[in-house]
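This is the structure I want to talk about, given as structure tokens.
Lettered A, B, C, D, E, F and G in written order, each chain numbered from 1.
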Amino acid sequence: MTPIRRLVLDVLKPHDPSVVTFTTQLGDLESIEAATATVIEVDESVKTLRVTIEGENLDLERIRAEIEDLSASIHSVDQVSCGSRTLEDPWL
Amino acid sequence: MTPIRRLVLDVLKPHDPSVVTFTTQLGDLESIEAATATVIEVDESVKTLRVTIEGENLDLERIRAEIEDLSASIHSVDQVSCGSRTLEDPWL
Amino acid sequence: MTPIRRLVLDVLKPHDPSVVTFTTQLGDLESIEAATATVIEVDESVKTLRVTIEGENLDLERIRAEIEDLSASIHSVDQVSCGSRTLEDPWL
Amino acid sequence: MTPIRRLVLDVLKPHDPSVVTFTTQLGDLESIEAATATVIEVDESVKTLRVTIEGENLDLERIRAEIEDLSASIHSVDQVSCGSRTLEDPWL
Amino acid sequence: MTPIRRLVLDVLKPHDPSVVTFTTQLGDLESIEAATATVIEVDESVKTLRVTIEGENLDLERIRAEIEDLSASIHSVDQVSCGSRTLEDPWL
Amino acid sequence: MTPIRRLVLDVLKPHDPSVVTFTTQLGDLESIEAATATVIEVDESVKTLRVTIEGENLDLERIRAEIEDLSASIHSVDQVSCGSRTLEDPWL
Amino acid sequence: MTPIRRLVLDVLKPHDPSVVTFTTQLGDLESIEAATATVIEVDESVKTLRVTIEGENLDLERIRAEIEDLSASIHSVDQVSCGSRTLEDPWL
């Protein structure tokens, strides 16, 4: 199976755990090389994050399970890049 | 025949299979080096993806067949780049 | 004669042949190193493409003949770059 | 634990200490390689800063304590990047 | 005299000769290394081109004479760069 | 103390001394490697400059004293970057 | 004295001499490595140019005298960069 190199996820997270705890816990997953969370919107009880993850062979189900363990949820998958290298979308 | 180096496709996909399954299955095709799907629009029963694919010699008909096997369809071809290298459009 | 290095053409194409067939047939012309077609507009019976072509010594008349053989036509020439190298327009 | 490589913080700071004192004191923390504060808004008694911090292994709690020692407070965390390298958000 | 390295000219050209003939004839002038014409506006009897020319030592009067031999005229000079290298305008 | 690598200052300057005298006098300070002043606004008796200064170890108080010796004043500090290297703000 | 590396000048010039004569005459001054004039506005009797000049050690008074010898005048100085290297303004 061709490996997933990058995922961009729209994540809903309660205020606890914090963005830092959330991102570093996520980054602890074995297959993840680097993770960046940008806060997009802050509502009363929830934050919307755009989470970019890169690695040699990402496993979305383990990432989803970890995100749910952290009391958050994937609202949508915004971008998936797979293959022998990361490929940029020329329209972005 | 001059090889196709990049295709940018506008794809309509039902919610199942997921964007990740769709992109990695597509990326498994022999001629594909890397594939990136960006979600452009989410409607009730369908997602619109912009799918960028690069490889040494892409075969659109095999890509189309695979996309249809994945219950999705190519709504339109947005860009085709072929020849001895990938060539950027200077207006984009 | 100074060689043409890049042409950017505004092309009107009926829906048949497809953008992929059109671009790869065009790319098969001897002098063309790489060709990229971006779809700009889709009307009922015709597509408007911006076609970027690079090569060591492009021949517009052979390119025009090939485009017409493919049932399409050059609506306008948007950019021509010639000389010992490709030169970018600093205003673009 | 995967190391934090970059933090972008929205900070509220009274006019005293100055932005320069604030940023260099913060930059003195052991784990911080470089810190940049950009002034975003100036109100009667408070300044809003966007503070970007990079290092090999940042410690938000020590950073927060230092910021509070400097009479300022973190209004929100705007971005966290962690892992074996800094990862850019492709949408920014 | 310090050599001219780049000229950007606003040129009015009747529909005949074509943009390709115009640009390659111009590019044939001895001092010109590369020339790029971008079509800016198309009116009933005339096209407006932005013509960018680079060379080691450009001669505007020979370029103007050649442009007039090609039935076109320089409407205005938009940029001149001269000296030991090409220098970009930091505001563009 | 962690060294200041870049300062961006909003400076109000009377018409005399000139921007050139002002910037070169400022650039003469020992710790300054390079200084760039961009004129942002011109009012009847005063000019607003955005002054960017880089060096290995900038001293704001000496810079402020020099600016005041030149009859100008720092209206605000817009950015401070300190540490072992200059760090860009990812939102700018 | 710290050397001036770049000047950006807003220059008013009568239609005669031409932009090309003006820029190359200016570029002939000993200390100037490269000069680029971009035409910003054309009025009935005058053109407004943004003139960018780089060199190892620019002398504004000699440049001003030369500009006045060429029947033009410096309307304003838009940017001055001095020191051991050219420094970009991060807000531009």
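Convention: contacts are C-beta pairs under 8 Å (C-beta built on N, C-alpha and C of every residue); 3 or more make two chains touch, one makes a residue touch a chain.
Model, not experiment: these values are computed from the prediction.
Peer 1: If you take the chains that touch chain B and keep only those that also touch chain F, what is left?
Peer 2: Both chain B and chain F are touched by no common chain, going by the contact rule given at the top.
Peer 1: Distance from the CA centroid of chain B to that of chain D, rounded to the nearest Å?
Peer 2: Taking the average C-alpha coordinate of chain B and of chain D, the gap between them is 40 Å.
Peer 1: Between chain A and chain D, what's the gap in Å when you average each chain's C-alpha atoms?
Peer 2: Once rounded, the distance between the two centres reads 22 Å.
Peer 1: Distance-wise, how many Å sit between the C-alpha centres of chain C and chain D, to the nearest whole number?
Peer 2: Averaging C-alpha atoms per chain gives centres 50 Å apart.
Peer 1: Give the residues of chain F touching no fewer than two other chains, as numbers and ranges.
Peer 2: 6, 78-79, 88-89, 92
Peer 1: Once you've mapped the touching chain pairs, tell me: line, ring, star, complete or other?
Peer 2: Topology of the interface graph: a ring, with each chain touching two neighbours.
Peer 1: How would you write out the ring, from chain C onward through chain E?
Peer 2: C, E, G, F, D, A, B
Peer 1: Taking the complex as given, what residues does chain E use to touch chain G?
Peer 2: Those residues of chain E that touch chain G are 1-2, 4-7, 60, 76-92.
Peer 1: Once bound in the complex, which stretches of chain F touch chain G?
Peer 2: 6, 8, 18-20, 23-24, 27-28, 32-39, 42, 50, 52-54, 78-79, 88-89, 92
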